[in-house]
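In the two complexes that follow, chain A is the common piece, with chain B as its partner first and chain C second.
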Partner chain A sequence: MVDFGQYIIHGLAFGAIYALVALGFNLIFKTTGVVNFAAGAMGTAVTMILWSTLDRSVPLAAAWLIAMAAALLIGVLTEAIFMQRVERSPVLIQIVVTLGLLLVIEGAVNRIWGAEPKLIPSLASSKALAIGSWYTSANDIFIMALTLSLAGVLYLALERTRYGLAMRAVAQDREVAALMGIRSFRYVTASWAVGVLVAGVGAVLFVPLYGGGLVPTMMDNVAVFAFAAAVLGGFGSLAGAVVGGFLIGIFSNLVGGYLSTDLEVSLIFLLIVLVLYVRPQGLFGVDAKTRL
Partner chain B sequence: MNILLPPGRRLERIGIALLIVVAVIFPKAYGGQDYLISQARLVMIYGLAAVTLNLLVGFGGQISLGHAGLLAIGAYTVPVLGNNYNWPTWALILAAGVTTALVGLVLGLPTGRLRGHYLAITTLGFGLAVPELALSTRVAPLTNGSEGLIVPTPTIGSFTFDSAGHPEAFYYLCLVVVLLCLLAILSLLGSSSGRRFMAVRDSEDAAAAMGINTWLTKVVLFTTSAFFTGIAGALLAFQDGVIAPTTFPFGLSLLFLAIVIMGGMASVWGSIAGALILIVVQVEASNQPGLSDAIIGAVVVLILLLAPDGLAGLARRLWRLAAGLGIPWSAGVGPRLRRQPAAEPPEAGERPPVEVRHGR
Partner chain C sequence: MASGHGLKPRTVALRLSVVALVVVMMSGWNRASTSAPATNGPGVTKTTITFGQTAPQSGPAALYGESTNGVRAYFSYINSKGGVLHGHKLKLISYDDMYSPAVSVELTRKLVDQDHVFAEVAVNGSATNKANLTIQTPANVPLIGSQTGASFLQPFVKNVYNVWPAYTIEGKLLANYGSKKLHLKRIGVLYQNDDFGKSLLQGVHDANITTATEQSYEPTQTDFSPQVQALKSKNADGVIILAIPGATTAFLKAMAAVNYKPVRLMSQVAAIPEQFSLSPQMFPGSYLGAFVPPPTDKKNKQVKTFLAAMNKYEPAKPTSVFAEWGWMEAQVAVAGLKLITGSITPNSYENALNRLKKFHFMGGTISYSSLSHLGLKHMFMEKAAAGKLVQITR
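Showing the complex of A and B:
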């Protein structure tokens, strides 16, 4: 019988990944009001690019830089080519465009890189590390620390800098922001770039963590758990994404440990429905209409 | 026939009548090519499923990313009841509709309060949860886990519609059921309930101000859509012969959504045409991994960016062009407002009255 605390500790590392991907959703949602359903597939594409660069024996740090640059580029291009054209369309249309992109990217990744599993090295040692009677690993701690510090940096950038203030102004009312001399479209593009970057970091860190190998559909379930995290925490809230991510990580690990791993998605779905029924804006969200 | 064929636009009526005639004589023309007939049945079944999704998305303005989950409920109902209780085929099909409608009702009660992204993610969760539950060891006694269930062969009296021995007979069974469902859906859309769906779609606040109970309308919409989805699921179960959790992946929900977009929102016949085209794409590209996904995704994105009202909108523009050129038969008879269920969807790029340029 594995310890209750052990399940929680193990869930935290997965929760950190869900938190990262959910952060990506919420950053984009906060400024544009769009949920990027293609985030998982975009993350997989970034990871595949990292794998290809490593495969050409580029050093790890340089390969990471290239992959992250690719993530920024994917974000910028998605906004410039597709999302800009539907920014005034109904939510329904915007959702379906990102779903179409999900299919395109997943199909393209499948065609370019194939379906055989690939490996990505972890950044820190994944050897078991004893803390009291519980076990974790340097890699798990690294993932959690990275998630928390990324969230912290994003929070400070949004709340304490001129750029963050401008971005919040754009989120509140793009046209008034434009009248105040803010080049709002740049902030929209930037939030897409950073949003995809954060999701890409999550995807890259996820490969060694779950150990099943990198395949085109790897991020499908992660994206669903991250959606759940974003709904639980409240769309558009950075703190909500982090708390929601960790909660979903712990919850799914407890369900997997005590009940059965084949009920994870169903119970998380039930949890979301219950949370939305009691608190439709999520734990940290303000009124769904204002998204500030 | 006046419900199946929209009055007013004669060219459109001719097109739809032609489609039905082709569907009726298709097995005669391709007799012996069982594979083609099986694909044609799939077009009808997926077409019906897409029309039920269009009820939600196009006519009701409610998004659903878990339609395959509802289809699965209907499909599983058939072998679960058929293998244990020996019900006649028509009762099984009806039971599949009723069971799925009940699930749609339960799903609609909480989700009737949700809008936009929250609704999308909740229905996405539902669509993933249903096959997961069917796979789960806890439900396995009912659904037989990953191996799935063998579906009884449909019969009427002493005649068996087994798809190997009588592929054409089963084709006509599908055709009759699908046409009956379309007839029911079209007349529903022309009724006051249909008008309420569209009023809620166009503006929930305005609909509420007109005295419409928007929550109840949405619950009714979910339940109605689920009923017909369940019937499509029953047909799919008979078509496949074996039903397993892998029959209903998330990709299937996306395919239905793509069909709706391709055919045009709020267009019943557009969804049928969309199903025809996308199933041909899927069959042609099936031996190349990832290709059909990429094509279907690209089609969805391109249509939404370039021609947001899909095939139906394209057809409408062609009619108008034909009428402008004075081509006989194209101009409508009678006023166009008279019973026109397929109301044009709101313009996608609608702009607010006051426009501030922001540098683009």
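Showing the complex of A and C:
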């Protein structure tokens, strides 16, 4: 029972990170229909920028602001330079572009910052905190709370504001939205910017959580699990991203603990296949019939 | 000679003379070029000998790519002293294989078939070396200092000259130190799920200790809480960590997260100075196997020479234990070159290496023969203390 509870607690902490990156996936997918496979690499780049500013003795709060500004810029530039050019191309081409960006960004990060692991401070204490027989930390709790808060803010923004309404209109039909006077490109760019920002937040929080140091390939595994979370929760659904992330986090820990860590990825995707068999749109996705 | 309807004899003679002149000029041009006499092997010109290397410069084991800097520094050091074999300068072509066997074997094919290297040095990784042998061995490319102690290279592969001790030696050392010196009763093991980890694990088994549990992990893994839980639930009072640096650090963090602090014994491959800052709670007090003196040991003459050369020829590059690996493997490679007599070919190089006896270098003393290409046979223990690694056994 102790082990089971501990696996759940650890799974929630890592699941929060998967949820953040999955939120990034879903935000971009919602307006463009494109899965940004470079999200993890972009998050790593943002974290490296944070590290560079901290290394120059910039105060933590200011360093965070600079890194988040960089994240927004990366999203805007990606959309303007690469994705706009393939906007009308088949989705497969757009996906290949993001896969190419993943390799380019990872290579550039490795070249610029090198492979030596770097330290990023946590925003809350990482000291083990005993809750009965289980352990967590203030940092773990903070990450989960921040994930839920960010997801809540994004949900409210999309569902309760004019901007969110415009974004949903663009997501539904870009041309009709343009005819209604909505400048679609603004909302597409905004979704890329915010999508990369959220993935960047996930990457920055991940470094002190997993403890292996900031390295160029740090987010590779996370991106796989986040993709699984987005699929499980339903692509395009913010709630789905969060629930999917936590579920994947818990499930992977349970598989690793009771079976083997070798089986984590394969069983996660088996779970996805089973869920999609019963519910093809994912747990929270909206199916095409309902949309129309 | 033809006459009548054919060419006039004078014309034929003239054309044949032109052809003969061109042939003579071309053979003369070849001789005047920088290529060496036809009896020398690939990768050897009149002035250079070219070595090849594949090592991870990116990917999960990118730190090991620092060994390239050590090789380059040693080659530059030797070149500054006039080179080898009557002034041949040493060159290195190094490619990033990202710690991937599939990538490494293709790059090795490139080194052999396109770059025509004379030999290879300081090739990193167990799975990568295993894959590369499929190219190197049939092509008889000598390989000096494969950066692995994996079992598939023991006891003898014709074209491979080991410098590292076998992993079984390290695994056995860690297990024996833990059980006999530290009197640990329930030793757990974390090992990487490939040739590297399994060879080290075999060494642990060779020490004839009963392990409390053995937990494997994948190189790209970031969440080690399942393995930590498994070790903790078995009440392991010591854990032998047979893992690469990133995985080691993440594993230490996962132990700290549940307030679990058994005695930690680690493989030398995890000995990065950043461990002190990345794992301030868990790395100090850990024990590590080692076969090179720490780069902070400035009293050691070999280390001093290494540090001076790195400062001169590879400035701003980390003077890490990984750079030391490359340096010492290059030392052995060059020692073998110096024993070549006659033509510089892969066969003459291998014959020369087989005659290398009691060569003293940074890693200790090494000897080869036509029947044994084993690397170092001895390792020692270090302890992480006061921000550095300190040798605690001989």
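One rule holds in what follows: the second predicted complex is superposed on the first by the 285 of 292 C-alpha atoms of A that agree within 3 Å, B and C clash if a C-alpha of one lies under 4 Å from a C-alpha of the other, contacts with A are read in each partner's own complex, and residues count from 1 in each chain.
FYI, a residue touches a chain if its C-beta (ideal position, glycine included) is under 8 Å from a C-beta of that chain, and two chains touch if they have at least 3 such contacts.
Every value quoted in this text rests on a predicted model; they were computed, and no experiment measured them.
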As a test of reading the superposition: which chain, chain B or chain C, is in touch with more residues of chain A? B
Kindly classify A:Val222 by the partners it touches after superposition: chain B alone (first), chain C alone (second), both, or neither? second
Go through the superposed model and pick first if A:Arg85 touches only chain B, second if only chain C, both, or neither. first
So, A:Ala70: does it touch chain B (first), chain C (second), both, or neither? neither
Does the superposition put A:Tyr7 against chain B (first), chain C (second), both, or neither? second
Between chain B (first) and chain C (second), which does A:Phe235 come into contact with in this model arrangement: first, second, both, or neither? first
For A:Ala22, decide between first (touching chain B), second (touching chain C), both and neither. neither
Which partner chains sit in contact with A:Ala45 here, chain B, chain C, both or neither? Use first/second/both/neither. neither
May I ask you to decide whether A:Gly107 touches chain B, chain C, both, or neither, giving the answer as first, second, both or neither? both
Could you say whether A:Ser252 touches chain B, chain C, both of them, or neither, answering first, second, both or neither? second
Considering each complex separately, which residues of chain A are in contact with chain B in the first and with chain C in the second? 106-107, 110, 114-115, 216, 220, 260, 262
Contacting residues of chain A [partner chain B, same complex]: 29, 35, 37, 82, 84-86, 88-93, 95-97, 99-111, 114-115, 174-175, 177-179, 183-185, 216, 220, 224, 227-228, 230-231, 235, 260, 262-266, 268-270, 272-273, 276-277, 280, 288
Along chain B, where are the residues that touch chain A in the complex? 57, 61, 63, 65, 110-111, 113-118, 120-122, 124-126, 128-129, 132-133, 135-138, 250-251, 254, 257-258, 261, 288-301, 304-305, 308, 346, 348-351, 356-360
So, in the complex, the side of chain A touching chain C is made of residues 2-3, 6-7, 10, 14, 106-107, 110, 114-119, 126, 128, 130, 135, 137, 140, 206, 210-213, 215-218, 220-222, 252-253, 256-257, 260-262
In the complex, the residues of chain C that touch chain A are 57-60, 62-63, 65, 193, 216-218, 220-223, 225-227, 229-230, 233, 245-247, 249-250, 252-254, 256-259, 272, 274, 277-279, 318
